[in-house]
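These are the structures in question, set out in turn.
Shared chain: chain A. Partners: chain B in the first complex, chain C in the second.
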Partner chain A sequence: MDFFVAQALNGLIIGLLYALIAIGLSLIFSVLKLVNFAHGECCMMGAFVSYYFSTLFGINPLIAVFLSMVVVFLLGVAMQYFFLRPLYTGAVERKDEYAILITFGLGIFFQNLAMSLFGPWTKKSQDFLSGVTSIGFLTVDNNRLVVSFVAIAIVLALLLIINKTFVGKALRAVSQDRDAAAIVGINSHRINMLAFGVGVALAGGAGALIGPIFLISPMMGILPGIKSFVIIVLGGMGSIKGAIIGSLLLGEIESLGSIYLLDPTRGLAYKNAFGVLLLAIVLLVKPTGLFGERHVRME
Partner chain B sequence: MKTFLTFMGVIGLVVCIGGSLGWSQDQVILGGVAPLSAPGAAESGAEMKIAMEMAVSEIGQILGKPIKLQVEDTRGLPEEGTAAMNRLADAGAAGVVGEFHSAVANAEIEVANQRKLPLIIAEAWADVITAKHYPYVFRIAPANSLFYTKVSDWVKAIGAQNVVAIVENTDWGLGIDTVFKETLHDQKNIDGDPVQYTSIVAERTVTDFTPQLLRYKSMSPRPDLVMDIFTGTGEYLIVKQTGELGLAPNRETLVFAVGTSALYPEYWETVGKYGVFSITKTGYHPLLGVTPAIKKFNAEFEAKTGKTPTFAAMEAYDSIHVLAQAIEQAGSTASDAIVAALEKIKYDGVLGTIYFSADKKPDYMYHQWPGAKAVIIQYTAEGQKYTDAELLWPAALMP
Partner chain C sequence: MKKNVIGAGIAILIGVAVPLVFRSYWLHVAIIALYYALLASSWTMLAGFSGQFSFATMALGGIGAYTSALLVINVQLPMWLALICGALAATVVGLLIGVLVLRMRGPYLALFTIAFSELVRITLNAEYQLTRGDMGLTVPHLYTTVSKTPYYYTMLGLLVGSLLVMWTVLRSRYGLFFRAIREQEEAAAVMGVNVVRYKIMAFVISSFFAGLAGSFFAHYIGTLTPNSMMEIPRMGLLIAMSVIGGIESLAGAVAGAVLVEFLQEYLRALEMWRFVIFGLALVLILRFSQNGLIYPIYQRFAARRVEPRTVADAEA
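For the complex of A and B:
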């Protein structure tokens, strides 16, 4: 039983990290109706920005996380303005194909840019809180505990903004009906920019938070990018609630699955496949994902 | 107009072919393959490239012609290795040296064999690389079986009974796992007790090893030794997470970082205090003997980079010298002549006198340098250079 609880706790912590990345992707999809294939690279950029803020300027690593979110937010706003805005001004004919190609292209560009700027070497961000916490049979790295609490706080703050503020109402309005939102005076271009900026800032924050735990390198965003895509399809495209539940599910199934489902000596070899397997099963039963809507394409 | 265009086309073709032939006749192209970016072990690839450049600059000319070194980034991916070898063959390379990852080397030897391109593997250890008996493939690095049987001897000598491992699912990792299963599992240790060897295979991109490490931690009795059979980021993460969970290193359990990544300064940046008392291996250590050649190489490398070179750099450096000497002895850049010269070569390099075995038993010994050495060391302080770490094995070399 002790062993099971330890594994479940690890799955919960990993799930919270996934949630932070996946919510951003889901927010972008719900408002802009496109999948940001450069999302993992935004996560990587956040990790590097936070790393250099804390190592070069001696800024407290937790403050560096929030500063990195601001930097990645501005990067996202620029990406949206220069590369994605044409999708909503009628300048692009084949919108889906353009969105896929441009975000893929930006992802590859950021990987190579990071390689040139930061080098290919693995780095570790400063600890948020060094040491471990032991409660009975459980031993948890303090960084993981701090990251879990920060992730929960960020997710709650985001939910509060989306559900209780005017900006949140505007985001939801554009996500539901762009034309109707425009009729009541909402500037959908600004909301697009805001949603994209906030979405990638969440990914950047997640990257900065995982820096002391899973280390950072220019290619670190590839796997989180893929996993967050799996999560938002699993949870239902564009559903924030679905992204949170999907993330926690994936974290648990990876942690428990690699121990209990298969031959444990091969479990880690299939760890990344569990998410896809879970996704396939859910989509067979519920094609729109756990909390997805039927109509989610760009108009 | 048509005649004019045809005439211009012919002129262009003649200029291109003539230029290309002239270019290749005026210089000797030596190829290099190494992981220069992630997901490959980029720190190793970078120092291998520098060492190759140092060797080329020392040699200056081959057969009276200048040398062009063309180093390709294989990124630790087999498909990139295949593409790199084909590019080097197309460029007219006389031979190729390098590579760090066994999985990539395994792909590269196929191209070497198909395109008759001599290839000297500098730092990839999987037995299969030389066990295929390809005539164009040679190796300076030790084969897994040559070294890891000695690691098994050490494990038995320290009286370990319960050894666990996390293994990356590559030719290199699985090859070591096989050696341990054959030479360690159910064998008797120095006290006459049976050794239990348990391994878990993991995909190379995995970053969270906690579930399996928790499983090892819950074992009764606790493991004596955790083998971290990974390279690059994964190798760092296993040591770090093993320490965070309180599994090792401590009085009960040691951790052995098997990959070369544990020899770089990045090891300390990423694992910090959890690296103290961790164990690793190296193909060079001052206690193996500091020859004038090593002194000169180390001094030049450190002056150039500010870093202490590892044996991966030394192997890459020696590989270029061996290839250059073989071309000189062959008196031509024809591949069969170079292979014949390599089979007879004796080169006094940084790592020793290099020659290649013609034995086909055991399988991996064909075109393998039998003199390749490696030792087991243990870090005793945070941030320690590997050259200052304590030597654990072989006992005969201990001061």
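For the complex of A and C:
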């Protein structure tokens, strides 16, 4: 029983990190109507930026997380401006195809760039808070506690912005109907830029938070990226509520599944494969996901 | 049409002459280049002509490679039979993926295949008792000679034969269906094309050739590891080859693969930076010249007198 609770808690913490990444992807999908195949790489960039902020400049690692979010936000804005903007000005034919290839290509570019700049070796980021905390029979690494609270705070702040502020209303308006939003005076290019920047910044923040728990490397973004694809299909493309619930679900399935479904040694090896099987089941049974509407295309 | 045949003839002649000029190491590079050319043209047939984007080409090649290798090692199947089994295994997997995912429109194929590639890699690494994982599986060679020339001609033959089949399919009415689906699925459906069936068909054919390339590669290279064969960056390199060559042309895919493979050997001194250059080239070409680099040059010089083109007559 103790073991079960400990694993469930672990799954919850991982799920919260997945939520940060997947909400970002979902936000981008709901506004820009495209899947960002470079999402995992934005997560990796966030991890490295915060690693270098804290090791080279001696900045507190927790502050470095937010600084890296700002850097990745700017990177996202630049990506959107140079490579995705043509999708919305009518300069590109076959938009869906272009969107898939260009984001995937940017992801590959970032991977190779990170390989060249930072080297292929894994690195360990500085601890947020060393030591462990014991609550009853549970013992939790302090890093993981800090990460959970920061992740929850970021998600709540984001939900507040989307649901309560004018900018949030503009985001929702563009996601519902780009033309109608333009008629009432919303600059949809600016909203695109904002949504893409915030979306990848969330992934970057998650990467920076992962740093002290797991190791960081140029290839670290691939699996979180794929998991966020699984989650947004599971939760329903473009649904933020779906992304949150899907993330927590996937975190628990991985954590509990790896010890209860298979023998432990195999279970650990296959932990990262559960998501793909889950994706296959969702596509087979209910392709629109838990909270999804019919897939919306770019006009 | 006539010009295409002449062009293909010249290309084949150059291909046949290569072993006379290149020795050992560069001949090895040439074989790998032809291997990528087959993978890239199978991807181009799917993506460029049918508009379906898959990131599983390398993984399907890997399935072909491991199936063929394991059959030879564990069941002592004759080599040529194992090669065919490898290609068929990739075809069956392709069919299953197609039936599962291609019922939907939108980015689902891309989403699923990228996840599937990782699933295959994880599984091959995890089942190390069978596959020896990252330690590398030692695979019997196709020929007993140390010379690379027989391998080169085998690969060239495979490539030319495969291209001929793909070209025939794309020139047939099925090719027309593929292009109709690419341009607009709704319109194709209205005109009576069974959209789902032909999307699956394109994916299955493409999977077969990926598996064929993979299983030949296994018996040429002699050592297989899941990571070197099907990591996501390798898929990126493959797409860069197709895109640089021109995404809507099989000849472009072959030219792109040969160019990129030779460049990446030639630029070895740059270490990882050469892949940064290819990555940058990929996004810039996508952004500014969607027909690639090589195909527009070809069009400019070789096909200067453009015949009145119809969709049915578009060059394959």
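Following the convention adopted for this analysis, the second predicted complex is superposed on the first by the 292 of 299 C-alpha atoms of A that agree within 3 Å, B and C clash if a C-alpha of one lies under 4 Å from a C-alpha of the other, contacts with A are read in each partner's own complex, and residues count from 1 in each chain.
As a convention for this text, a residue touches a chain if its C-beta (ideal position, glycine included) is under 8 Å from a C-beta of that chain, and two chains touch if they have at least 3 such contacts.
All values reported here derive from a predicted model rather than from experimental measurement.
Per the definitions stated earlier, placing chain B and chain C onto a shared chain A by superposition produces a clash between them. In the overlay built on the shared chain, the residue A:Asn272 is in contact with chain B and with chain C. In the superposition on chain A, A:Leu223 makes contact with both chain B and chain C. Of the two partners chain B and chain C, more residues of chain A are touched by C.
Residue contacts after overlaying the shared chain place A:Leu113 against chain C, while chain B stays out of touching range. Look at A:Trp121: by the touch rule set out above, it reaches chain B but stays clear of chain C.
Within the superposed three-chain model, A:Ala280 lies in touch with chain C and out of touch with chain B [touch as defined at top]. Of the two partner chains, chain B is the only one touched by A:Ile259; chain C is not. In the superposition on chain A, A:Pro86 makes contact with chain C only, while chain B stays out of contact range. Contact with chain B, but none with chain C, is seen for A:Phe3 once the two complexes are overlaid on the shared chain.
With chain A as the common frame, the single stretch of chain C that clashes into chain B is 220-228; none of the other options in 76-84, 220-228 or 292-300 do.
Chain A residues 115, 120, 219, 222-223, 266, 269-270, 272 lie at the interface with chain B in one structure and with chain C in the other. Within the complex formed with chain A, the residues of chain B that make contact are 36-39, 42-43, 46, 166, 169, 198-203, 205-212, 214-215, 218, 232-233, 236-237, 240-241, 244-246, 266, 269-270, 272. Across the complex, chain A meets chain B through its residues 2-3, 6-7, 10, 14, 115, 119-124, 132, 134, 139, 141, 214-215, 217-219, 222-223, 254-256, 258-259, 264-272.
Interface residues of chain C facing chain A in the complex, by the touch rule stated above, are 47, 51, 53, 55, 100-101, 103-108, 110-112, 114-116, 118-119, 122-123, 125-126, 182, 231-233, 236-237, 239-240, 243, 271-273, 275-276, 278-280, 282-283, 286-287, 290. Against chain C, in their complex, chain A makes its touches with residues 34-35, 37, 82-83, 86, 92-94, 96-102, 104-113, 115-116, 120, 219, 222-223, 226, 229-230, 233, 266, 269-270, 272-273, 275-277, 279-280, 283-284, 287, 295, 297.
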